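Below you'll find the structures, each written out as structure tokens.
Heads up, the next two complexes both have chain A, just with different partners, chain B and then chain C.
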Partner chain A sequence: MKFISYKTRDQWVKNLSAKARVVAPVDSKGKIIYKQINSADEAVWNFEKTDLPAKTWYFPMTEPILYIEQGKQTKLTEAPVPSPVVMFGVRPCDARSGLILDELFIGKPPIDRQYANHRETLTMIGLACSEMWETCFCTAVGGAPDSHDGLDILLTEVEGGYALEVLTEKGNKAIDGVAIEEKDLKIPEATLREGLPVVRNSKEWSTLFNDLYWKELSNSCISCRACAFVCPTCRCYDVRDELVTIKPGVKNYERLRAWDTCTMAGYRRIAGGHNPRETTEKRLRNRFYCKFMYYPEDFGPIACIGCGRCIEVCPVGINIQEIIAQVDHLLDTAAVKA
Partner chain B sequence: MTKMDEGIRAAARQLLEESKVSAVIGYELADKGRVRPVVIERTEDVDRLIWNEDCNLNLVNYLHQRKMPAGKDQPIPKTALVIRPCDVRAVNLLISEQQIKRENLKIIGIQCAGTRINKKARITCSFCQERIPVDYDVLIESDKPIEIPTESDGFADIQEMEHWTAEERLAYWTEEFDRCIRCYACRQACPGCYCFECVAEQVDSHWTSIAMKVPEKMFFHVMRAYHLAGRCVLCGACEAACPMNIPLSKLNRKVARDILESFGYKTGDDPKHAPLLACFDPNERLHI
Partner chain C sequence: MTSGSKNSYETLASKDLDFILPALGTITLMQDLADNIKLVRVELDDPAARKNFVFEPGQFTEVSVFGVGESPFGLAGAWQPEGGLEFAVNRVGTVTDALFRLDLGDQVGIRGPLGNGFPMHLYRGKDVLVLGGGIGGAPLRPIIQTIFKNRKDYGKVTILWAARTPGLLVFTEEYDDWCAQPDTLMHITVDQAPDGWTHEVGLITTLLEKIKPPVENTVTVTCGPPIMIKFAMMSLEKLGFAPEQNWVTLEAKMKCGIGKCGRCNLGEKFICVDGPVFCFSEVREFLESFV
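After this line comes the complex of A and B, so read on.
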């Protein structure tokens, strides 16, 4: 089995940072966020999960997708292909979220070129979880603390360093020239959580669309965007042309895309002021139906990877695990009645 | 069940049974010892209500969802709130701004021993002189001893920051706002933020862009602090709601301190007071 010591890892980070942007979890006043680093000591290597998802590096919060120069002749320039990124410390759930988003952005035409560029230039080095933490429920939605899905390399912490598994050609390239040792290693098994809720299928969810539960659930929702903005699979965005500079005869615009989300009132408001999802109830319900019904029906996978970040950030304690369990319970009750 | 829980439940039960209100908004226990707001509409649910030092949001915020009639020919719903002294000041703010009417509200006031954010005492709580609300219908006495701090000035950190150079302040806030994800949880948790359309969300806004970069985030937070000038009750709900641990109340406390020094004005003393920035007194002296 391949083994890499902590010391070699640090050297590896140093070598890679000469060739690519190296990104790793960094502590920003107690919040763990993926940031670009130049040496391994800037990163945190002991963490549970990052506060923001890995998505921030292939579906950034904001990015220009087009430059527009409006003069006598309007000139359009696509955003350049980003320089390569190697990401360390990607949790297996976060890596799976990339595969889920791929279905939408590049799974079938039209291909989102900008997203595709990010994915093609990104190498993800995973770090297996030693346990499922307080809000984790990856195993309930098809993941695992040591899942290989979507990763190029998986590291599993063992004494003195990591067991290293190369999973793709990109992964092979990333370890080029690294002093990897061969060792007899026993990979420790992660502690799993018991008693997780059962996720029902999209057809079953559809029968509860008009259930009173959604109203009750939404009573406390304050319609912020925190849940969606820490979610590895939320992918809605807004696009605007923003004026950057004005020179005589020329106006320069950037076509920006920035995250947006259905939980906020303005998201669905249309010309004339009509809003098909005017109430908190409709918006909140949409968020969960999107994950467990619309996305699987349109693109295949469930749009939830069980990271539990939304549970941690919700200011009013709305809990996706509780919702999954309640849907399961409501369906059971309905079945008994029938 | 603590004595406080008992008192809250008894008050809530009576208000619902006598149809004085159609809902009681308080806190309940959630998973793993956390607390969360809950809207109680049936007497059989009142036993969910609790109080502890983690009840750190401002439930007055929920009145914005209940300030209009629920439908045609229906009255404005009557609500009871389980709230702290600082939250009650927000009630007075909203009355003075003609958003709500006191007659539609019952206040189950908490004698407050202070609340925490992320298990740490809120800075304003450690200086708070007001442990009993300025207005209430029922008072729930604290089951913890309350020591009113001798030091009444909760602005030590603000004073320190005032001595920083502009560059130091910019560096500090750039680091803090770098974490901001523009989720608007601070704004949505704030009873004073109730514009139908926020400046930060206007279509084709000339003030800001949709970008989630430090300048836009800084604009949003500074703008919000200014819009809350003379209106912030220092309840800390913004900080409690922030998923990224940004010390947002520092901005509001700076403005509140300036207003206190300049006008001797503290938000929410009396519902009859006109909003500070909506009145003009030719005799007032600016001490700045």
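After this line comes the complex of A and C, so read on.
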């Protein structure tokens, strides 16, 4: 089995950073966030999960999609293809979110070139989880602490370094020149969480759309939108133009795409003021129906990877695992009555 | 019965549609249409783009005012070769306000045509009842124009045009032409009328129930505020129309227009690609209400 020592890892990071942007979990004022590094000692190698998902590197929080030069004539230039990025320390759940978002941005025409360019130029080196932490429920939504899905390489921590599995051609390229050893290794098994809720299918969810539960659930929601901000599969976006420079006769703008979320109060409001999703109840319901009914119906996979980040950031304790469990319970109750 | 109009993912797949990069166009006409509403005509700058921009009644485009933003607008004039693209612009938000401040010769960006459009082929040989509320009349105008251009292909046309006030009625200059067409009736109503008003007063639903248009072999097309659509559908049902006879075009804020940005979903449907035109038999089965 392939093995690299910590020292080799550090050398690997150094070599890679000469030819690509190397990104790894970094401690940023107490939050673990994926940032570009130049040497391995800038990164945090011992962490549970990052505070923001890996999505930030293929679907950035804000990025220009178009450059607009407005003079006598208007000149439009698309954003260039990004330079290659190699990401270390990607948790397997985060890698699966890429595959889920691919179904929408690439799987359905037309292809979102900007997104596709990010994905094509990105190599993801995963780091298997040693356990499912307190809010984790990846195994309930099709993932696993050592899942290979969406990764190019998977590292699993063993004594003195990592067991290394190359999973794709991109992964092969990324290990070029790395002093990999062959060793007899026993890969440790992750500790799983028991008693996780059962996710019911989209047809079953549809039967509970008008249940009073959503009203009850929304009573505490303050529409802060933190849940969507940390969500690896939320993909709603806003587009707006920002002025960059003014020179005599010429204005330069950037057309920016930025994360947005359906839980924002005015999200669905139309010109003239009508808002079909005026209440918190309707907006919150939309968030969970998007994940467990609409996304699977439209694009295939359910739009949740079980990372539990939304549970951690919610200031009022709305818990997606409890919601999944409650839906399961309500469906069981309905079945008994019938 | 399904909408009969294609889900526009199919159209999007078959076309090399560029959805980030708008085509450049120049404003060639800008005239007052109603209170706070202008008719804006844009001609695409690139002759090849102009030729390729073929669309159906009910389709829409994203219009960019560079530096301000992009918004969806229904195409308000039927396609004709080299005919330019017409939009009815109501000054209600940032982009529309910026559009009002543009002049002839100014450049805007155009992405489209987007959405599915009305399935005109299903309306052939039938009487058509058109229900337009306020600026909601704009996306219906291409239907009216298409019918009149191919008059023999369609039966009787009854147009019910409504607005809150006379000043908010759109395309008033064309009513005489419309009414002069064979087998065509037009009824106009407003919520509040000044002295000397010769048309109807009251909601479009009251008018509808008063004139009782024949149900048989008729299709209806409706656009207006969501609440108007809701009540118009109830009136039509009362008059004996089946949901399968009624077509509506819905509205939402949209950022991408191509089913990615998530802004316009109604349950698992996206108004931008599954619509904006829907048969009401579909709409009433939607999980989430459009109102």
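The working rule: the second predicted complex is superposed on the first by the 338 of 338 C-alpha atoms of A that agree within 3 Å, B and C clash if a C-alpha of one lies under 4 Å from a C-alpha of the other, contacts with A are read in each partner's own complex, and residues count from 1 in each chain.
The rule is short, and it goes like this: contacts are C-beta pairs under 8 Å (C-beta built on N, C-alpha and C of every residue); 3 or more make two chains touch, one makes a residue touch a chain.
Please read all numbers here as calculations on a predicted model, not as lab measurements.
Undergrad: After the alignment on chain A, I want to confirm one thing: do chain B and chain C clash, or do they fit together?
TA: Overlaying the two structures gives chain B and chain C room side by side.
Undergrad: Check the residue A:192 against both partner chains and state whether it touches chain B (first), chain C (second), both, or neither.
TA: A:192 contacts neither chain B nor chain C.
Undergrad: May I ask you to decide whether A:272 touches chain B, chain C, both, or neither, giving the answer as first, second, both or neither?
TA: The second partner, chain C, only.
Undergrad: Applying the document's definition of touch, where does A:212 land relative to chain B and chain C: first, second, both, or neither?
TA: So A:212 meets neither chain B nor chain C here.
Undergrad: Should A:76 be classified as contacting the first partner (chain B), the second (chain C), both, or neither?
TA: It touches chain C, and chain B stays clear.
Undergrad: Which of the two partners, first being chain B and second being chain C, lies in contact with A:246: first, second, both, or neither?
TA: neither
Undergrad: On the A-aligned overlay, A:29 touches which partner chain: chain B = first, chain C = second, or both, or neither?
TA: first
Undergrad: So in the superposed three-chain picture, is A:334 touching just chain B, just chain C, both, or none of them (first/second/both/neither)?
TA: neither
Undergrad: Per the contact definition in the header, classify A:235: touching chain B only (first), chain C only (second), both, or neither.
TA: So A:235 only meets chain C here.
Undergrad: Who does A:68 touch here: chain B (first), chain C (second), both, or neither?
TA: The answer is second: A:68 touches chain C but not chain B.
Undergrad: With the two complexes overlaid on chain A, what is the closest approach of chain B to chain C, counting only CA atoms, in Å?
TA: Taking the overlay as described at the top, chain B lies 6 Å from chain C at its nearest C-alpha.
Undergrad: Identify the residues of chain A that lie in both the chain B contact region and the chain C contact region.
TA: Shared contact residues on chain A: 238, 240, 260.
Undergrad: Please output the residues of chain A touching chain C within their complex, sorted ascending.
TA: Listed in rising order, the residues of chain A that touch chain C are 65-66, 68, 70, 73-74, 76, 78, 104-105, 108-110, 112-114, 206, 209, 235-241, 243, 251, 253, 255, 260, 262, 267-272, 274, 276, 286, 289-290, 293-294, 297-298.
Undergrad: Write out the stretch or stretches of chain A touching chain B in their complex.
TA: 28-31, 33, 51-52, 61-62, 134, 219-220, 222-226, 228-230, 238, 240, 242, 256, 258-260, 264, 266, 280, 311-313, 315-319, 321-322
Undergrad: Which chain B residues qualify as touching chain A in the complex?
TA: 30-32, 34-39, 57, 61-62, 65, 175-176, 178-179, 181-185, 187-189, 197, 201, 204, 209-213, 240-241, 243-245
Undergrad: Would you mind writing out the residues of chain C in touch with chain A in their complex?
TA: 9, 12-13, 17-22, 24, 66-71, 90, 92-93, 96, 107, 109, 225-227, 251-253, 255-256, 258-263, 265-268, 270, 287-291
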